[in-house]
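Per-chain residue numbering starts at 1, and chain names A, B, C and D are given in the order in which the chains are listed.
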Amino acid sequence: MSFSFGSKIRITIFGQSHSDGIGVVIDGLPSGEEIDLQRVQAFMKRRAPGRNPYSTPRKEEDRPRILSGLFQGKTCGAPLCAVIENLNTRSKDYEALKDIPRPGHADYTAYVKYNGCWDYRGGGHFSGRLTAPLCFAGGVAKQLLERKGISIGARILSVYDRKDAPLDESLLSKELLDSFEQQDFPVLSQQAGEAMKQAISEALHSEDSLGGVVECYALGLPPGIGEPFFDGLESRLSAAVFAIPAVKGVEFGAGFGAAFMKGSENNDGYVQKEAQKEKQGKTILRTLTNHHGGSLGGISSGMPLILRAAFKPTPSIGAPQRSVRLSDASPALLRVEGRHDPCIVPRAVPCVEAAVAVSLLDLWYLAR
Amino acid sequence: MSFSFGSKIRITIFGQSHSDGIGVVIDGLPSGEEIDLQRVQAFMKRRAPGRNPYSTPRKEEDRPRILSGLFQGKTCGAPLCAVIENLNTRSKDYEALKDIPRPGHADYTAYVKYNGCWDYRGGGHFSGRLTAPLCFAGGVAKQLLERKGISIGARILSVYDRKDAPLDESLLSKELLDSFEQQDFPVLSQQAGEAMKQAISEALHSEDSLGGVVECYALGLPPGIGEPFFDGLESRLSAAVFAIPAVKGVEFGAGFGAAFMKGSENNDGYVQKEAQKEKQGKTILRTLTNHHGGSLGGISSGMPLILRAAFKPTPSIGAPQRSVRLSDASPALLRVEGRHDPCIVPRAVPCVEAAVAVSLLDLWYLAR
Amino acid sequence: MSFSFGSKIRITIFGQSHSDGIGVVIDGLPSGEEIDLQRVQAFMKRRAPGRNPYSTPRKEEDRPRILSGLFQGKTCGAPLCAVIENLNTRSKDYEALKDIPRPGHADYTAYVKYNGCWDYRGGGHFSGRLTAPLCFAGGVAKQLLERKGISIGARILSVYDRKDAPLDESLLSKELLDSFEQQDFPVLSQQAGEAMKQAISEALHSEDSLGGVVECYALGLPPGIGEPFFDGLESRLSAAVFAIPAVKGVEFGAGFGAAFMKGSENNDGYVQKEAQKEKQGKTILRTLTNHHGGSLGGISSGMPLILRAAFKPTPSIGAPQRSVRLSDASPALLRVEGRHDPCIVPRAVPCVEAAVAVSLLDLWYLAR
Amino acid sequence: MSFSFGSKIRITIFGQSHSDGIGVVIDGLPSGEEIDLQRVQAFMKRRAPGRNPYSTPRKEEDRPRILSGLFQGKTCGAPLCAVIENLNTRSKDYEALKDIPRPGHADYTAYVKYNGCWDYRGGGHFSGRLTAPLCFAGGVAKQLLERKGISIGARILSVYDRKDAPLDESLLSKELLDSFEQQDFPVLSQQAGEAMKQAISEALHSEDSLGGVVECYALGLPPGIGEPFFDGLESRLSAAVFAIPAVKGVEFGAGFGAAFMKGSENNDGYVQKEAQKEKQGKTILRTLTNHHGGSLGGISSGMPLILRAAFKPTPSIGAPQRSVRLSDASPALLRVEGRHDPCIVPRAVPCVEAAVAVSLLDLWYLAR
């Protein structure tokens, strides 16, 4: 059991790739919050497939239907449930693979865990399709966070060996995040973006796939958010981001780079943020650099929160791979056919934003 | 609130660096389990300071007293509570720093979060000292896991720019993990280890500090452990490991490296593990390589679990750093004096093991 | 937030009386369990209105649609989501009452809690209609419990001042529980049942309503279920039963009667249950009497679990009642019109069974 | 596992009757709250034994030692841990009973649950002694609630067949609750109290025991507290109160009495509470009567919260009782010797207050 996440704002995701529907229940939203469903849907569209040559041509409707939780356009104290029908499923594609676990997928681990009783069609409940309800929840969370002055955005930092231009942190702004949101393929350097797309095209033609890194930002996060010891920012955010299929690494600020630094390089000195104290009488500081990535002791510092998530290459590739027939333990050579993304990273961008938004909203309310 | 972790085996940590005591309550342990307290204490000793020139000369007793949960040497269904007295505290060292937050520490974020009401002595409840009760729980968890055939060990992968030799995964064995456990400074290559120690000595003399990476392994983990969507192996383990102070990145298997791979490189093909099926009639496989690091879809695959945690350099350094007086917002130059580890990584090794052990034990019981 | 219940088997309920739909997500079910949906629906029908003259003539379809969690008729490791459309709603009936809180309902407390932003139509998420998804979950839980040899049933113990015949506990059997399940109006003494129905008819004609008591039994519960200190049987079961609207009291075994006893009367002496020891080598006992109602120290004793729930009279009555207009604080006389049960108790019987079944299934898995 | 309770303010209790110590960790307290430890201890003294002829002459020190969570007398964001040493234990008294489960105690159910591995001395972790740390937490919670204008008190409603005078609810006031707190044997009518004491004395001399009912009140609770569907006031409070050993029934307001009423009798009409609206623009009401006991739809109404808990007679009695030797399943006649309360009810009064206070504080913070 574990399709739920969060303490104060709790989301519960359900569905399989080929079940009648998938969806999410969001419990704990304050009442009286207007939810702009069109913006939520626009956000979800960013992860929908079939939008460009770099993603699977499979079309998903991803049109959420609200069963509960809204009244006259506003949250009403009841859990918000959104359901998405599964319309465009081709179960036959997968029937042949039932007996032969695909390398890099959860087929084999699910087979063992569920004693053979699981919905293997399209990856069942391990399908990336379950990030659609996650994005619904993320789209809602982003709106509530925005009303508190908190913006979340993300870009593609790298695809395979092609890297985006480095970010001058002093340029981080809501406008920059908005510009990322406008792009189909959000990067700083369009040139770097083209190189990435080129690499994806090549992978597509060679029936291979590529990994990549997503970098996510939260701006406007006030200091004081995060619940150490065990529910600090890094713990909660990493738990949410690692739930996204294919994530193999998560880091904050300087991240793994900090392990190769000296303290005198890595420490971020303090200066006063504002000339006057805040209303509550607290002195508000900012740091001169941001190697800590917005979190100290698991608590937000008021500096931009910076998280990077490493995505492995899509495991579904055309090249023949070694596997084993579960029915009789005989070896098998497997070629995964069907409709697959040669690189999941562009569609993963809103998923990372969603995981971050959902976690931050929960922590925001926990910190009150 | 969040000093608790786990669903079925739940640990609750308490204490501050300079409070009367620190400790842990472990709830949910099955009854009838013998606990070898001497082994637990030997495990805890590995994180204790003052053992060698590379750590702070401050002595901590770290002698846990069992208040409840054991009867005639065995668990008895009641929560196991262990308390460690705080004896060797020098509160005066920190009094001067009360007003000036140390860069890289949680002083400033705690000041904001707790409205100025927090125990700033020695970092309060953000102190690395709270990893002592974590290690107590880890020492207990390791014993229970061992009875299930699961071994956990770790080594220092790098300190600053000095790296240990690469590990040939085919050599991973309980014996290797045991040999790591025997070493004060656990590495594969003693030569690499000496180079790391050399770097630490140099940092010590220049009143600076160094970061590093710990690599942790779990062997013998049966396939099927982990509770997706949100409580998969990576989510739970990363949440626990990020709770350790100074961790800035966590990755599994190929980790961030997978983001720079093609699917044809990264996918781990399957072969049968054993000639015969298991008792339950399941076909048991193993993978030819282990880029997935033992987890697929958040569920253990039966391959070695491999996790890396990046530690930032100890923020307490002698060099003058820029800070601000909280009382009047005036700038201040700060030199952190007192007893500090120039590199926390050697003492962090058992902490990572503990975080992993506690999480795995919980997930093991959840998977039943 | 709190539309979720359970630790290992966790249900999340959503919906309002007049939202598009209501439903439930059940997370944590073991895979491979066949679910007989027709039996689940038959169970749900017992709480559906419109079946006899004693309940509201309002028809509810209560036909659950399974969105996820079943594959080829069996649980598959994914959360089981069932949705019920809200078809037969007359929102106009309630529009007039928006401003005037109905005594005995949650109108006023919801108005305060949600700052006026709640779905007041038909009681919103406080409606007894939300017990439909609870009963879906209960119907599923009952099937799983039955496979473990545990049967749950209930009867109407009293309506207003009319009481059913006392139960000779030695006659408690699965057959008796089945016979209760067959009855529209489950009682031991048909004569007593007729007297209760007569009282309900009279209340209906005088536009009044009646309270009553439901007595629920669990047979076949093995000893050892229940997680003290805080999640003992009584704590978990009472929490679930008190979630049913209109419950004002819960007791176990002798219950409040035990408060008027001496120890020498109330204590239940032990005798051996079976001539031979069980396989695990434990001596299995039974008690000579069952004042403890199947629970000692929050743990099942192996004796029948007996729980009674007191239901207050339906607050919707025709008689004029004093209330206040929320808009201008002026006094108002209120007559609740529309379709209401003069006595909720007959329809509450399966709800109590459902709350008990869901809790016991969760505790059963926790005790493993 | 389940020695923890609460969502936002979470208490974790540990210890056995004869372990080295017992205690409690309170996580989630806001920082900056002064805790008057002398008042906490005065509150705990009310449950301590040995204070009068009606309780066991066994002395317990019950002097809590604060290990963490307080700094300069105030909460500091870290969990508050209090430990009580177990000094006055006579383990020999119980050794003889190891093999023969005492009727009415948890000896047998613990034996089954823990496979014989449990601390049977003095009831182990089922001992009423574990209500001492509960009372510590309750004493702390009461202080925080008081600062929010919420007072909690309780009286003995009945002992065996001797009942206290009925309470005119219009007389409910903080002063009345304070007067209950001052009394060793808190009742409205001293005459009724004497009759109860007389009954207890008689039970003591005949080596028997008596049950009774405690009635608990919370005044000043603002409307809007409680988290339906599953964490409504009744669900949370009953779960906490049923955790107290020997409680067999819990009811609110009219409670079981409501089941014997008509709607026209039971409904509580509304009138305006104050001439002017509150600041937030809400119209605040009160009810003319209080059959609902302060909770509607699981949410506080602003009226006094009234809860009654039924306690069974102390199971330890001198009269011979039938039991069975667990070692060889042979029948045994048991006389429980040692130091026992002939009636637990007077000492249970602060325990009920503590359970209510802890739950209300948690719900108060959840409702923000």
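Rule of thumb we're sticking to: a residue touches a chain if its C-beta (ideal position, glycine included) is under 8 Å from a C-beta of that chain, and two chains touch if they have at least 3 such contacts.
All of these numbers come straight from a predicted model, not from anything done at the bench.
Novice: List every chain that touches both chain A and chain D.
Specialist: Joint contacts, listed by label: B, C.
Novice: Count the C-beta pairs in contact for C-D and for A-C, then report the pair with the higher count.
Specialist: C-D
Novice: In whole angstrom, what separates the CA-based centres of chain C and chain D?
Specialist: Taking the mean C-alpha position of each chain, the two centres sit 26 Å apart.
Novice: Need the CA-centroid distance for the pair chain A / chain C, whole Å please.
Specialist: 39
Novice: Quick check: what residues of chain A touch more than one other chain, meaning two or more?
Specialist: Only 1-4, 8, 13, 110, 113, 115-116, 125, 366 qualify.
Novice: Chain C touches which residues of chain D in the complex?
Specialist: 1-5, 13, 101, 103-106, 108-113, 115-116, 125-126, 130, 158, 160-161, 203, 208-213, 223-224, 226-232, 234-236, 238-240, 242-243, 245, 247-272, 277, 280, 282-285, 287-288, 291-293, 295-302, 310-317, 319, 321-327, 329, 331, 366-367
Novice: Where on chain D is chain B touching in the complex?
Specialist: Residues 1-4, 8-10, 12-16, 19-23, 25, 27-28, 31-32, 65-71, 74-81, 83, 110, 113-119, 121, 124-125 of chain D touch chain B in their complex.
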